[in-house]
């Protein structure tokens, strides 16, 4: 049924966004954005509120319609595809605000992540998630809508992982999470990345974002204004001033 | 005492049919947030299909159950895909209006095709019955009840256990998130609407055994479906079943009630609907989301 | 603002009638009755009024079987389409609301399908009904049952909750009480009933000799099936509406046999009408069969009769003036294929008897009163399954 | 929180409504003053019904549109109002002012008594409970001999020459509902209603006593429907449960409001005019299948103008915007 | 700096043995503490530890299963939700809930109309008050926009403005800074300090430790529905139990780094006294 489900977890190629313009109604929010994520890379996208970070992720995952420009993933063009087709291509988004299925149990939420998979390893992956995130085991039968914010974020990430994505788009991972949990998630990302999954992460906690990524882009009012290795951006005086409050 | 037992049986038998009528309606409403006013028309088409198969090809009504389901499922699937889907995410009142229009269309097409004549499906065994402990039970209605139980059972299992069932429930909660999990929403919606129509068709088949078949026959059932699905809890399969049974039993017992207010004598049977609705109100006041309804997060 | 004179030399009648909605079938039968008359008149030259001959035309609108829509359409027929006269809609509820408009607009209406006496108890001057009142519908069946040996002694009645059915039920109960029969059960069900088993259970528990239903075709079918399902055994089963319509037998098959129906008319009646239209019931039935390919039903006949009342009244008035025609209607006294048409001071036809039909081996046979009958009543009814 | 989600999807506009829409509505009202001058009783009924449905639509809009409690039971109030007139008439009182006043008082009380339990329900459950109230009331009246039971009551009315009084009375009721809506929408009351619609919990935390304001909205909307019913009964001259509590009077105001544009002041009017006009033409030219065409028309209008007819007036960007709107709600 | 706003003395809110059960889960158990008038209480704890639940109890949205909350001696559970703000208690929602179809100004005005004065303030006065507050929180530029058009941080500002419109004595803030970047957090803190200076008691729930530390007079830590620590910020954050349950080792490490950087800077500054900066 799907290529994504049974394919290896190694990314098939780079995500290449070229000259992307997009918006809502008549208002344009993204202007000629170009960026790329190489297989196995962790890339961060930072920028102030309303810069268009979520919109950019949306344009990749198909929930925001592109006006012009292209999105390619490996050999495939993702431009203009419906969101479900993009999942088939192996690109998964953890949306801002979690968007869990509130009246489904934690288990069912995780199983929904594996919706397109037909292989026999779904149960094994489920078990792996519960080991990775033990809190979820405690809340396994709970309705997701009853969980606290942090618990929900864990379910959201685990749900996306259940699809065995090759490229993960994570929006505001640390939002509202206890510091100790952010630590755990950062480690989690490293481990996921180690299995060959590329990650494009959007974060307000710029410090964390730059620590976990190897490269980063700065988005300002819909345009890429700066990019480079994360370590370098951490030291960039402009970045420090605007985003780190130092 | 005997009448009490007989009424209980009558109520349960009638309730089974109402459960099937309400089930598809409840799913479409609960899952797609569409108040499907065309549900009664689908029911009517199911009944005519059964009638036609019976009159022209002597197909037994119980055998035409799956045919009704498949044909109406297909019709519902197509209607959703090519018409309703265009406004599937519109405000609930917009789709309400659209299905109102569709219902008028279907009923009036039926009027042209079959005219306003009353039709009936009277099989060799229709009216056959048995009696235990003074309670008479008609075979067809008993089988109808069993069919209703089987259908709700299958639906319940399918919705909770199958992958598509889970996707349907997920889609009802958050379309966007479902899409991001790889769910093709238009397809899921078409399945749900098809299911609603198919179940209405099945209900139509069962109803044709006892009720006169005519183009407008869906209306009273549609109104009862409204009440039953809310009584039981919207979008809930067990809810539709329990709601249907409660409604059937309340109606049956209402028949034997008698009031006298001053010089005015009121017979409960004339007030069947009102009594059932008062029960609905009481249930809702005690349980604001119906008997089986879960409070949503 | 009176209606404009007939357009050219055509007299225009108007009728809101149930072409959709839950009385569609009956509405169609009504329309057939009107059309048969119109075609006859036009084929035979028209109606002669004071030296001039007029063709006739009938304008219909669909009242969707709704009382208020019927009234609104009547108003439209009068004000917009300037019809000369109104022919009634189908049903007592619609007839009542239309009667009101006729009254206000001072346009005569003759109706053949609203038998509730309430319509005629309002002091309306412009409304005339050719049919016997609702309370008579089931009397014939009771008379018949009482005349059998041994005579029926107990009656159970179920009735729909609409005005017509309620009057029918009250009439039957009153007759039974006045004639030494006992009413052991009398209860109503809502018009929207989808299941009547519990009423039937209660009825069965009282074990009546005669079971009567006052309702319409749709509920008659529901009740008849229900009686069989619960194995209710009575000596006679009678319906106010149902058995006379071919649908009853066609949808119930054998289960329809031996059931009685009260009827305004049947093709067995032996009246000899005045010239101007088919003069006997048999000729009329033949014409209906030729035109519509089904057996003439009393809804057809009473509708044609309403037209006939106008025909003779207009001829006698020698004018199309609404007031003159109204007066002529009030004085009318003719015998037609349908029986006598004559109105009491309230405008209803108390002078024509009802008949009782019974379905015998799938055929509608008139069994009462004996004078007009073309068969004998089969009484008592055999058990279910042996029909 | 279901309600909020549902109502946000209804896409109700700003609270006070656009001044243009109000101007259009009032201009239409002025034009409608002229109808009885045509001495065409039928047209008078058609337009009187439009005014009646409009009054009910505004009543519905207050509880369904502004407060977010979608009611399918406005017909209960309409019917109750109508029966108030019928009862007065049976007691020899033929006075429209008395009719309307009684209908308002009775309906306000009725709304409070029924509202206390029913307004605790949310969303769909509220909708069906209200549907139930209408059906139950109809059933109960159909069994009360004092109200003529199912065979109904004649209601005294004036003679043909003075029939226009009903038209103007209905016109006044409609005008009152429009102006009432307009002023309420701009008042503190209106803000409380909308706050409840958007989020009842958040409204409570801002100090809004939700129960009290919901009942207020419900009672006012009940009075609007009741006043329309009180004028309708004598104009119609006859009342039975099937007329007083007809499905049409329940569904049409909603259909008109949606077709015209929910939450706009002019919407229900435009919707009513178009529906009545279309019905008129279809009845004329397609007697036997007019309902079929009527159904087809509704389907087509919904598909090509999913936001209602009034939306066309404010359309910027012409055909392009319109084409985009076609897919706006696609799943 | 932390005590800047402390004016009135005495206990404002007294939370006594509060327990809250959802089905089989005790989201809060035996929580007790006092909040002084004019103070800023920081409430922290792992996700799901019951902070939001406690806010709901204090603002009268939930009635606690056990225990009580009193405000100036009055039991809050006895007061209906809508009347709690007449007492002077206002709150924001973690999941922001603006009235989406109203404009930003109207949103705030509704609070001003009903809030503390229970509908007695005139429409005009309410709109004037709304305008003041919008300027105060920095939303005047979008006053006419529909609330649904706002970005998340602006929605949080709106949430604060709505709460302030109730003219509260106590303001409960549930994660109003989540999703802001460091610079924006600074601005928000400045705003809250200003509010506090005007005599409003604050209860602040945040996961941004920097913010909590810099604004709170006292910190209370919840874990699994129980209070595990209470005290001055420095003491609480040093508690091993809090570090283990909530802060985590990376946080400690980062603090360490920051302290080293600060120390180095100080050292450098001592060696090379600043003149014209560089």
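Just so it is clear, A, B, C, D and E label the chains in written order, and each chain counts residues from 1 on its own.
Basically, contacts are C-beta pairs under 8 Å (C-beta built on N, C-alpha and C of every residue); 3 or more make two chains touch, one makes a residue touch a chain.
Here the structure is a predicted model, which is why all the values come from computation and not from measurement.
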{"item": "Set of chains whose contacts include both chain B and chain A", "value": "none"}
{"item": "Set of chains whose contacts include both chain E and chain C", "value": "D"}
{"item": "Longest centre-to-centre distance from chain D, chain (CA-based)", "value": "A"}
{"item": "Chain at maximum distance from chain C, centres defined as averaged CA atoms", "value": "E"}
{"item": "Inter-chain centre distance, chain B versus chain C - centres from mean C-alpha coordinates, in Å", "value": "35"}
{"item": "Inter-chain centre distance, chain B versus chain D - centres from mean C-alpha coordinates, in Å", "value": "29"}
{"item": "For chain D, residues that touch 2 or more chains besides their own", "value": "139, 142-143, 291"}
{"item": "Junction residues of chain A - those touching two or more other chains", "value": "146"}
{"item": "Chain E residues counted as touching two or more neighbouring chains", "value": "none"}
{"item": "Pairwise chain contacts, counting only pairs that touch as defined", "value": "A-B, A-E, B-C, B-D, C-D, D-E"}
{"item": "For the chain D and chain C complex, residues of the former touching the latter", "value": "39-43, 45-46, 49, 139, 142-143, 149-152, 154, 159-160, 163, 236-238, 240, 242-243, 246, 248, 283, 287-288, 290-291"}
{"item": "Complex interface listing, chain A residues touching chain E", "value": "48-50, 135, 146-151, 153, 172, 175-184, 186, 204, 206-207, 241-246"}
{"item": "Of chain B, residues touching chain D in the complex", "value": "29, 33, 83, 85-94, 96-98, 100-105, 107-109, 111-112, 175, 185-186, 189, 223, 226-227, 230, 234, 264, 266-267, 270-274, 277-278, 280-281, 284-285, 288-290, 293, 296"}
{"item": "Chain A contact footprint on chain E (complex, rising order)", "value": "22, 44-49, 52, 94, 151-154, 175, 178-186, 207, 209, 244-251, 254"}
{"item": "Chain D to chain B touching residues, read off their complex", "value": "1-2, 6, 9-11, 70, 117-118, 120-122, 124-125, 128-129, 131-133, 135-137, 139-140, 142-146, 251, 254-255, 258-259, 262, 289, 291-292, 294-299, 302-303, 306-307, 326-331"}
